[in-house]
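In the two complexes below, chain A is the common chain; its partner is chain B in one and chain C in the other.
Coming up: the complex of A and B.
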């Protein structure tokens, strides 16, 4: 590929952005962690290997992340399969596409609280069904809540990938005498491999970095690293200890990253080659497997809806558990006392989403299509903030941007930057996954006809990866509305967020107000993600589904 | 060559930051946002008290002085982490509310400016830092809270001694705070070490551990589960239990006869505050009896430190409760050791 001046300046700009908002805060954090009185010292890491509790946290984190990623990818795949590869009536498709989005668009601790009310000690499930009690606090509760919270990410990325597989390929296999299940196993599933690997990486990383769910559900018997790091910083006022615990998190995140690279390897997953005929209809997988898929989808959907019904009802009654008279007073509170948070949150999300979409697509495209030195390192750097626990990113931003050449604390820009560089990871990964399915010859044809690299990208590649870009944008918007771990350190007296108000209500024992805030937030995000889809459907009517 | 390159780099960083800040601008420029039309004076505060308590107090201050308050609420640990991280360029003028041991930790990190508010001379010395780094505006004792229905089911009275919590009937039925994160837990442990002696206190906690369903990250975290009957009861700060009771939950509050420690809720001036004069004005005002009278009228369930302020609510009358006097500075120094013992002996 020839050196396009546009490409060189694009790469320079991206490196600059990464340098300022990823590498610089990271370096400042390293400095704070490993340099004591001007000397390099590993003393702060020592505690991890001598303290039994921290060692347990390392092991638990890995175990939890693995279990969550596995279950989440499986569940996400089943849902994505039902929505994209089965001939379901439209309302059913809409329902199955909408329900998994619920856990994604509410702050994780909200669903954790609903799970506690449903499955916790003396919870409704046990009272209704007379089941023997078991302790939800610990591995199982955290696993369940995190799986429900993160599987929609797998669902979104896998839907984009599955939808892009041409049914013609399956037809070819079927007409060559393969059974339907055999076709699924030897054609559909292998073509989804990059998507599955990406989803696994994303889920593994987000479980590894999640601190809000374990904060509510893990209890004392199941320590995990991000929560430990958070406790070390906020509970014991030990920033260095907390930061060094977080560095431990980088190791598994790195391993997964390289494993996934190795695994996808150099195999070809091209399904969009420009040479295929018209698309045929979707072939059924057979009755029994489809019934199985539907059963799983419906059971999970009902459980999710049940959890959200608790939150919805909780926002409409006087005091949950005591006084079930209906009331709107909690919504009055939200719109009187929480209006600033609502406005700030929406504005921040609206600013972060387009910036993140452009950057995410640019990173994904440039790192997977262009050849230049440091390409892998760029991809890795772009995903670094996502792999780090949010609290650590937040603290590193405060350290980096409170003094020195670039002062941003107290501004909106610091929150926007944190969101963009942390949550465009999904956009990057889904762009990469979707590009791996597109034959390079399409772009080469455009280039050889004299189109510039940028023009080729805009006219040929972009329309083909629009579902992936839409997924990344939605995810970024949702995260900008719901994330808490990084920004809890970045909000200021001038800029505050809905999620922190919800967490506040939870810690102030105002379950009803927290529920009302959550319902408002969910409605806003639902409306906004519908708008994003609509926008792309209008702009690229032929390519988005 | 070298200087040229760094100049180009600097220029790029500058333009990019402009771009980002510019995006944040729009109709709502961050710097311009404390939209102070020169005449309204504004002060910035991190508060550790719940939002509704804080807004009642700050609204009264604004009404009294015309100074507007921008505030943000954090848990004590988060607030201190923020103040420490922002040391070089403080974003707020005052840290308000929260247990004095958090403030003592802040003194160690050098984030406060000593100041003796006018009006604070009425507040007894035991509620103030000897170096005037912080002043205590309220007292908050440790208490037991149990779910009445659960007690009736088990046919037990509300516990009035630490030993009653060891009753096997409460097995896996109590919630209380995690020592690593919560000031409530530290006050609970201090209650035990001051009434039993340190080693006995840890033996006791090991036994109590059998009955603990969950150690919550925040001190109030277990209060709602107790209210809902998920847990039979727990050990909390009084303010959290009275809040639950005021919501209408059927709970009963009691105290161990051996005695309980209490937290002093403090406030301090931030070193390098951008509005030191206004911050001092606030601290002066917040030390007065008038401010502490706001507690009762606004259902802020704290006990005033100013002896001139009398409380009417019998729930806040501590004359029948044995309160243990804790040395806050010493407790601050012991904290790490107490927490380490808790991790290595109690929950292991």
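Coming up: the complex of A and C.
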């Protein structure tokens, strides 16, 4: 059972991929950070802690990430709860499921631009309501924008977890005399704990690593590490300085990662047991909590729609705030001057998504179902690039693939690799999480009926984890279309990206063009992620969960 | 259809790494041979290692030590799908994404049978397990007992060389259980499928098995036909675990070639035994409740402690020489019954006695 040659070669292939695209760049990065002129040196790290501005950036980054993750998980849970655990009319359910998708499929700049236009200096919100002016730049603006941008990730993971909880367990608790709220607190919530922790980690890491939002909204009084690192490199051409700033950023991310592994790793909640009772209907939590949940959902949804309306309208008028005559000239600009970026971005995402899906599923399956030496380290390595801030990954790829045995600078491969090994993390995590919920005896039953290990994976395991794989694929595709933090270092004259075009527009204060680019990008992503869902629904028509 | 094959395990052990670094010896140096076409039952208290043995035969667990042989082939390194075994799981393990038909046809499709053959076989087996109209249901639309029968059908339909059952009938009502016992036996017999059957239900073990393997704490206590296990248990544990037994401490008085004389209840008994004993040894006298009859005039003096009418029979607890004994009067309508407090005499049939160390 142990020395399956197919397994051995699969493991070898995966290690090779991880070695080239994760470990090697990481090693080169450490080399640049810690070695000066061939000698070990802590000088560049010392500089960070002696400079008060950099020290503030360390503190601000942590504070921001914590606040964003907390608010995002809460919001995500409320939305997930409404969609999966409340008896809502279908259209309402659809609406609550669709709105959080908007921030998810737009580049991080989108909400920043909209928030600036709505809440910024002379923002329309204040003029409309006659509120006293305050500055949106700094902690609150960044926090608001990042929370809105990342909470959908929590929403998606948590609704998958909530949907998988067998309602019979809740019925059992009710029949043992617990109240509905008591059942929620003592059964539903504990069963969701691994999911909550997982979501918190995802959000914490993405806030830590996000540099697009702070670039627009943080301002000079609220420095955070990723922007500092970016400015260090692009502004001051100080690769070592930027690398050391990002290195410091990596430490809290790793701490959270280890905490989560220690905390969640021990708990395995088997809820798909193969011994299933009839599924019962949804039990209401009671009127007051449900009204509360709905109020939050609707307020947040309306605010998000409002922000997107601004972007959309902004792309259709001459100059927002000055000249409201309708025009298509910004879209003409996008389709003439931006066509190459559109084509490149789509091609890169189309190539990265299937590769990432296969790799992510393979990593998730092999590390959670197979026993082999180095299994834990493989899982750690496969998730490393996601734990690392995008800025670090970008810089390490530049260092690793600019010179040395494998030169990839200027190619499409380097961008695809950066996306695949960074953003297959969601696929890996959700695959692992959903495998934890599938009783091993299902796979054993298939093996005992004479199906091979691979056939069992294809016929039993895959159909059961397909929602997780789909979630991972969508996430990867969306990120490949919209991410910027790592790949801004990797673009070239041959391969450019929509997101970097948006950034260019914004630095030239072409807000209308930036908005038009954003709208186009959102529409492409929307269509494509719908297509991914459709494909899987066609491939697995009877998947009813 | 495959020819019958024997199953044997040799010095088989399984040690799990329990939580906190503690080792759990689930199976401890077990050797067994199950003949081709034979139906054996693994019987023993919860946690004694029954499931673990089945899983090692099926290939889901790697033995810590020892060998598993199917036919003449050592299968230790063979993956489960390469072993000609099918298992009925304690947890059913029905595929939630497949309906009843697809669950049962799952293994047949792997055998590359023609669709109409598969359809016919599934129909037939569904008839056997009494689930005609449920083909298109999904497992979560079935009752626990129906799910269990689908799980059973899914393994039976494969007609493998070896069938492994892990408490396959635990969730069925008494009537259905008796029906299923017969059907399982019939199919097993018809195809000569070597079967290992785990159960907690003694009646099931007694009525179905060619031989019973009694286990305790990871070791085999006794292997034998139901009759042997009941009449000549190898240990106090077996005597106590199978059926009801009065276990009376006694001493060996004399040993001769035919019978051994032991003293107990203020008298002495001559018992046949294969144990080698010395006068003075302490042993346990095993007396089944039905071996004792009550009399008004002669025998071992005793007092009735309780007397319960059970319909077909009368249950007594009596006390004699400081010993509480259970006994059953199988035909209370035929003769006099006694009430609690009455003085009676016991008559014990000497050829139904048995001693263990």
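What we mean here is this: the second predicted complex is superposed on the first by the 533 of 545 C-alpha atoms of A that agree within 3 Å, B and C clash if a C-alpha of one lies under 4 Å from a C-alpha of the other, contacts with A are read in each partner's own complex, and residues count from 1 in each chain.
As a working rule, contacts are C-beta pairs under 8 Å (C-beta built on N, C-alpha and C of every residue); 3 or more make two chains touch, one makes a residue touch a chain.
Keep in mind the model is a prediction, meaning the values are calculated, not measured.
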| item | value |
| --- | --- |
| Contacts of A:446 with chain B and chain C, given as first, second, both or neither | second |
| Contacts of A:460 with chain B and chain C, given as first, second, both or neither | second |
| First (chain B), second (chain C), both or neither touched by A:290 | neither |
| Superposed model, chain A: greater residue contact from chain B or chain C | B |
| Intersection of chain A interface sets (partners chain B, chain C) | none |
| Chain B to chain A touching residues, read off their complex | 12-13, 16-17, 20-21, 23-24, 26, 28, 30-31, 33-34, 44-45, 50-52, 55, 70-73, 75, 77-78, 80-82, 84-86, 88-89, 91-92, 105, 109, 172-173, 178, 180-182, 213-215, 217-218, 220-221, 223-225, 227-231, 240, 243-244, 247-250, 336, 339, 343-344, 347-348 |
| Residue ranges of chain C in contact with chain A within the complex | 58-60, 62, 77, 79-81, 85-87, 89, 91-97, 106-107, 110-111, 138-142, 144, 147, 151, 154-155, 158, 164 |
| Residues on chain A engaged by chain B in the complex (per definition of touch) | 12-13, 16-17, 19-20, 52-53, 116-117, 120-123, 135, 137, 215-216, 219-221, 231-237, 239, 318-323, 337, 347, 351, 355, 395, 398-399, 402-403, 405-413, 416-417, 488-489, 491-496, 501, 504, 507-509, 511 |
| Touch list for chain A against partner chain C, complex | 1-4, 272-279, 439, 441-442, 444-453, 455-456, 459-460, 463-464, 540, 542-545 |
